[in-house]
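There are two complexes below, and they share chain A, which is joined by chain B in the first and by chain C in the second.
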Partner chain A sequence: MTITFKSETFRDDFTFRNSLYNIRRFPFPFDRDDYMYSVNMEPHVRGKADSVFENLVDVDEHYVAEMQDRAKVLKEDPLRCQALPHMMAAQWDVLELLMEHQAQDYPAHFTLTKDGDRWRWINRPMGIDDTFTFGDPSTLPYPPMEYITRQAQGDFCIVDQRDNNLWMDAGMVTTQADWSLDFDIGMNFMEWHGPVPLAHQIGIFDRALKFLLNLQQGKPTRRLNWTMTVNPRLDTSPENYHKWGPDRLTVTPENVGQKMHLRVELQSLWRLPRSNAILFVIRCYLISLEELVTVPKWARRLPRVLQSLPPEIIDYKGLTRNRPLMIDWLSKYDDGSPTSAGIHPD
Partner chain B sequence: MLVQGIKSRPEYKGLEIDPHAKRHLFVLEGEGAKALTDQVEAKGKDFLARSEILYLAGGAAPKAYDAVMAALSPDIFWQAPTLQPMLFRLRACLEQARMGTRIYVAGTEGFIGQIMQVVLEYGVDFNSIHTEHRGSTARRVQCVHCKGITDDVTTSPFACTHCGLSLLVRDHYSRRLGAFQGVNIDAEEPGTAPQPEEMFP
Partner chain C sequence: MSLSTDMPVRVADVTQVTDLVKRFRFERLDGQPMPFFSGGAHVVVSMNDNGLLRRNPYSLMSSPDDNSGYDISVLRVPNSRGGSIFMHEQVKPGDQLTVSQPVNLFAPDHRGRKHILIAGGIGITPFLAMMDQFSRDNVAFELHYAIRSRTHGAYWQQLLDRYGARRIKIYVDEEKSTLPLATIVENQPLGTHLYVCGPAGMIDGVLLTALQAGWPKENLHSERFLAPPAGLPFQVFLEKSNIHMTVGEHQSILEAAEAHGCDAPYMCRGGACGQCETAVVSSDGMLEHNDIYLSDAEKASGGKVMICVSRFKGQQLVLQL
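And now, the complex of A and B:
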C-alpha cells in the first residue's frame, strides 16, 4: 500500500489535519459511554483492514511531518533522547524490530536487506539510504535507538527488567503527554507512574507490572490511553509547559471544535530478543472534535464519557478549564440514541 | 515527618549498625549527627574504632555536634566546611574503600540525595546504603523547564533561582537527579501564581 504523506505542522500555524480516510481509522479509545482506569491490555495482533491495528507498527499519512517535528524538538532539547550505558544491546533490538516491521508492511516505502551483519536500510519518504554493520554503532550517524526512532512514529521507551521490576533506562520522547524522560530515566515502574492518581490505590499498577514481567517474545501486547490537547501539538512536554499552557485560554464556544483535540496513545509493549528488555511504544494520534463528530457513534459517545469523569482524572488530564465548553459543543451531536459496543465506527 | 505516599521517593529506613561490617563510613549533615549518637546509645561504642565519620555541620553548627562526635574517638573524624569539599573527600574514601564497608548517610533529604548520587557512581547497590532523614524537610528541586536545581526550597510555589519561573513542587522525586520536580504553576495564565506557602519547614 502506498501512502500519500502530508506536508503539515504541529506547532505555530498548526496546519495538521486528518484526511477522511484517516478519520475513519482513528483509534477511538472508548468502548462504552463512560471511563475509568483499568488494565485494558489485549494482544497486539493484526486487526481490521483500514484501522490503525492493520499493521503492528503503524505508518500513516502524518509520518514525514511527525519526523520533521521530532527533529525540531531534538534540536531545541537533546535530552529528549537518552539511553543509560547498559542499554546498547536493547538499542540494537529496537532498531531491528522497527526496521523489519516497517520494511515488511510498507515495502513501497522501506527496504531492509541483510548480508550477514552488513545491513542496508532504505527509507524513501525521508530520502535515506544507509549501509551499516549491525552491532557496530560507529557505522551509523546516531546511536541505534536514536537512528531508528528518528524514522518511526511514536515515542519509544526501552525498559530494562531486573529485580522483579521494570526500569525506564532509555527513550526517545518528543510527543509526550506531560511527562519528562529526563526526569524519569532510571526509575522503576512504580516510581515513574508515581504522579498518576487513583490507579495505584485500586491496584492497577501492581497487576500491570506482574503482567508485563511475564511478557513473551513474539507476543506483544497493547492498550489505549487518552487525554485532550488544545491545538494539534505533539510536543506537550512539561519542559515546554510554559509555552503551550497558555493555549488552554484560547478556547471559545466558537473555536472549540477546531481547537480541542482528542489525543490517543496506542501503547504497545514488545519483549526484545537479545537484551530481554521491553520496548514500550507510545504512539500518539490526534483528532479535532470537528473531525471526530463526522463519525456519529463517536459524536454521541464522547460527551457522555466527558460527563462521567471523576474529578481526579479531570484534573490529572488537564481538562478542568475546557471540559464544560467541550461538553456543550459536543452535546448537540448527541441525540440520546444508544451506542453500539466497541470502539469502531458503525 | 516527610509526606508519605510519594511513590518515586526513596524510603529512608534509618541507620542501623551492621554488626558484620568490617568498616563503617558515616556521611552526615546537620541534625544527621543525632542519627549516629542515637546508635551509640543503643548499640554501645564498639563499632566506633572501625568507623570513619565525615560531617557537614551546616545550619546545625551552633549545636556543636562536631565536638560530641570527635569526643567519641572514632577511627577518623573529618569535618567539611561546605558540601563541595565533602563530596571531594567522599570520592577519595570510596576510591579506597574495601569489601565489607557499610555506608550510612543521614541529614536533610537534599543532602542524602547528593551523597547517594556519588555513592551510586561507584557501583554501590542502592539498597545496601543505610539512610536516615534528619533536620529540615526542605526540598531540593529541579526546574523541569531550565533544568536548574534550587536547594533548600521550603515553599510552594517558589521562584526558580535560575530562570525565575514560579514553580509548583510536585510530589515526584528523581533519585538520579537527587531532586523533586518543579513545574511552572501559572503557565496557563502568567502572573496568576498564588502566594508562596510554607510547605517544607
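And now, the complex of A and C:
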C-alpha cells in the first residue's frame, strides 16, 4: 500500500487535517452511548481493512509531518527521550520490532535487510538509508530506541518488569496528553497512574497490572483511551502547558467545530523477547469535531457520551469549560436515532 | 487460550547427557526462526502420549541469541506423572511436538552489578541461558552448582571449560563438598542479585540464609516449578463450560479440564504465574492450595484456586470456568 504523506503542522498555524479516507479509519473510542473506565483490553491482532487496526504498527498520511514535529520537540527539550542504563537490551528489542513491522506491512516505504548482525534500513519517506550492526550502538547516529522512534508514529515507553511490578525506565514521549516522561521516569505502575481519578477505587489498576505482568510474547494487547484537545496539537506536555493551556479559553460557539479535537490513544503493549521488558506504545490520533460529524453514527454518539460523563472525569480530562459548548454544537447532528453497537462507522 | 501462538516443532536431536538427563533440540516445522528469549525463560512442551495430552514446562538452556532452535534438558524422574518418562522413552529425532512461546518468570534483574547463581541438580538449566547472556553482555556473575556425583551432574565440565574455575564452583555431594552458603552470601558488593533454582529444600535454605545475612528480598530470586502433586480423585463442575468431570489421582484440575475440551488459560503450569487463577463458585470440602501465587489470606478465604497445581477434598467443587 502506498500512502501519500501530507505536509502540515501541529503548532502555530495548525494546518493538520484528515483526508476523507483518514476520517473513516479514525479509531473512534466509544462502543456505546456512555463511558466509564474499564480494563478494556483486547488482543492486538489485525482488524478491519482501512481501519487503524489493519496493521499492528500503523503508518498513516500524517507520518512525515509527525516525525518533523517530534524532531522540533526534541530539539527544544532533549529530555523527552530518556533511557536508564539497564534498558539497552530492551532498546534493541524495540528497534527490531518497529523495523520489522514497518518493513513487512509497508514495503513501498520501508525496507529492512539483514546479513547476520549487519542490518540495512531504508526509510524512503524520510530519506534514510543506514547500515549498522545490530547490538552495537556505536554504529547508529542515535541510541537504538531514539533512532527508531524518531521514525515511528506514537509515543513509546519501555517498562521493565521486576519485583512483581512494572517500571517506567525508558521512553520517547513527545505527543502526550499532559504527562511527562522526565517526571515519571523510574516510577512503578501504581505511581505513574497515581493522578487518575475513580479507577483506583474500582480496582482497575490492580487488575491491569496483574494482567500485564503475565503479558506473553507473541500476544500483544491493546486498548483505546481518549481525551479532547484544543487545536490539533500533538505536544500537550506539562513542560509546555503555558503554550497550550490558554488555548482552552479561545473556544467559542462559532469555532468549536474546528478547534476542538477528539484525541484518541491507541495503546498497544508488547512483551519484548530479549529483555523481558514491555513496550507500551501510545499512538495519538486527532480528529476535529467538524471532521468527526461527517460520520453520522459518531455524530449521534459523541454528544451522548459527553452528556453522561461523571464530574471527576470531566475535570481530569480538562473538559469543564468547553463541554457545554461541544454538546450544544454536536447536538445539532444528533437526531435521537439509536446507534449501532461497536466503534466502526455504519 | 483461544489465540494460540504455540509452535509445532521437530525434534532435531536427542543427546544422552548423563544416565538420567537427556537434551532435546527443537526446530520449527515451518522453517521459521524461533522467537528470541531472555535467560531464565521456559516453554511448555505439549506431548501426545497415545492420545493423552501431556504439557510440561522446561527451562530453555540454549543461547538466547540462537534463534535456529531451542534446547531443553529433561531429568528422568522415576515416580513422575509420565511427562519425563515419555520424553525419555518415546521421543526420538524427527518426532513432532508443540512448544509454547517463551515465558520468563525468572528473569535476571538488568540493574544487577553482579549476579550469583545457585543451582542444584537439574536446576542448572535456566542458568545455562542466563550465563550465556551475562557473558555476552560482559556482566559479572558466578555460579555455585551442587551435584550428587560427577557422573550424575550435567554440564559441569563444559561450564568449567567455558567460563573457568573462577566463575564456576562445583560442589559434589558424593565427595562431601557442600555449598558454603554462609560464605557465598557474605560480603557481596551492593547491587548484587542472587538467583536459586533446585529442590525446594535448597531454595528455602538459600533464601533464609541470605535474608538472615541482611539481603533485601528484592535482590533474591528463585524459581521452583511445582509438579502437580498426586492425590485422591475428586469431582469438579465447570459452571461456564457446563462440564462435570473427575480429576484423577495423577491429574491436575487444569489437565482434566483440557481433557474435556475446556480451553482454560495457563502459563507456567507450576503454581507460580497466576494465569490460571479461577474463581470458586461453591465447595463443600477443603481446597488444597499447592501454589506459591495466592497470598495466605486469599488461600484461607477459599474464593480462588490455581487449577494447575491445587486439589480438593470433598464431594463437589464448582468453578467459574
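The rule we apply is simple: the second predicted complex is superposed on the first by the 346 of 346 C-alpha atoms of A that agree within 3 Å, B and C clash if a C-alpha of one lies under 4 Å from a C-alpha of the other, contacts with A are read in each partner's own complex, and residues count from 1 in each chain.
The rule we apply is simple: contacts are C-beta pairs under 8 Å (C-beta built on N, C-alpha and C of every residue); 3 or more make two chains touch, one makes a residue touch a chain.
In this text, all values refer to a predicted model and were calculated from it rather than measured experimentally.
Peer 1: Kindly say whether there is room for both chain B and chain C on chain A in the superposition, answering fit or clash.
Peer 2: Once chain A is superposed (C-alpha atoms), there is room for both chain B and chain C without a clash.
Peer 1: In the superposed model, does chain B or chain C contact more residues of chain A?
Peer 2: Touching more of chain A: B.
Peer 1: Using the superposed model, measure off the angle between the directions from the CA centre of chain A to chain B and to chain C, in steps of 10°.
Peer 2: Roughly 70 degrees separate the directions to chain B and chain C.
Peer 1: Just chain B (first), just chain C (second), both, or neither: which does A:Arg321 touch?
Peer 2: After superposing on A, A:Arg321 lies in contact with chain B but is clear of chain C.
Peer 1: Which of the two partners, first being chain B and second being chain C, lies in contact with A:Ser275: first, second, both, or neither?
Peer 2: Touch status of A:Ser275: second partner only.
Peer 1: Check the residue A:Ala71 against both partner chains and state whether it touches chain B (first), chain C (second), both, or neither.
Peer 2: A:Ala71 contacts neither chain B nor chain C.
Peer 1: Just chain B (first), just chain C (second), both, or neither: which does A:Gly218 touch?
Peer 2: second
Peer 1: Per the contact definition in the header, classify A:Phe183: touching chain B only (first), chain C only (second), both, or neither.
Peer 2: first
Peer 1: Quick one: is A:His242 in contact with chain B, with chain C, with both, or with neither? Answer first, second, both or neither.
Peer 2: Once the two structures are laid over each other on A, A:His242 reaches chain B alone.
Peer 1: In the superposed arrangement, which partner chain does A:Pro43 touch: chain B (first), chain C (second), both, or neither?
Peer 2: The answer is second: A:Pro43 touches chain C but not chain B.
Peer 1: Scan A:His193 for contacts with chain B and chain C and give back first, second, both or neither.
Peer 2: first
Peer 1: I want to verify one number: the closest Cα approach of chain B to chain C after the superposition, in Å.
Peer 2: Result, nearest C-alpha distance in the overlay: 5 Å.
Peer 1: Which residues of chain C touch chain A in their complex?
Peer 2: By the definition above, chain C touches chain A via 1, 3, 5, 35-38, 40-41, 64, 101-104, 107, 109-111, 137, 218, 267, 273-275.
Peer 1: In the complex, go through chain B and note every residue touching chain A.
Peer 2: 6-9, 142, 144-145, 147, 165, 170-177, 181, 183-184, 187-190
Peer 1: Within their complex, state which residues of chain A touch chain B.
Peer 2: It is residues 79, 180, 182-187, 190-195, 200, 238-242, 244-246, 248-249, 321 of chain A that touch chain B.
Peer 1: Would you tell me which residues of chain A are touching chain C in their complex?
Peer 2: Touching chain C: residues 43, 45, 86-87, 89, 160-163, 210, 213-214, 216-219, 273-276 of chain A.
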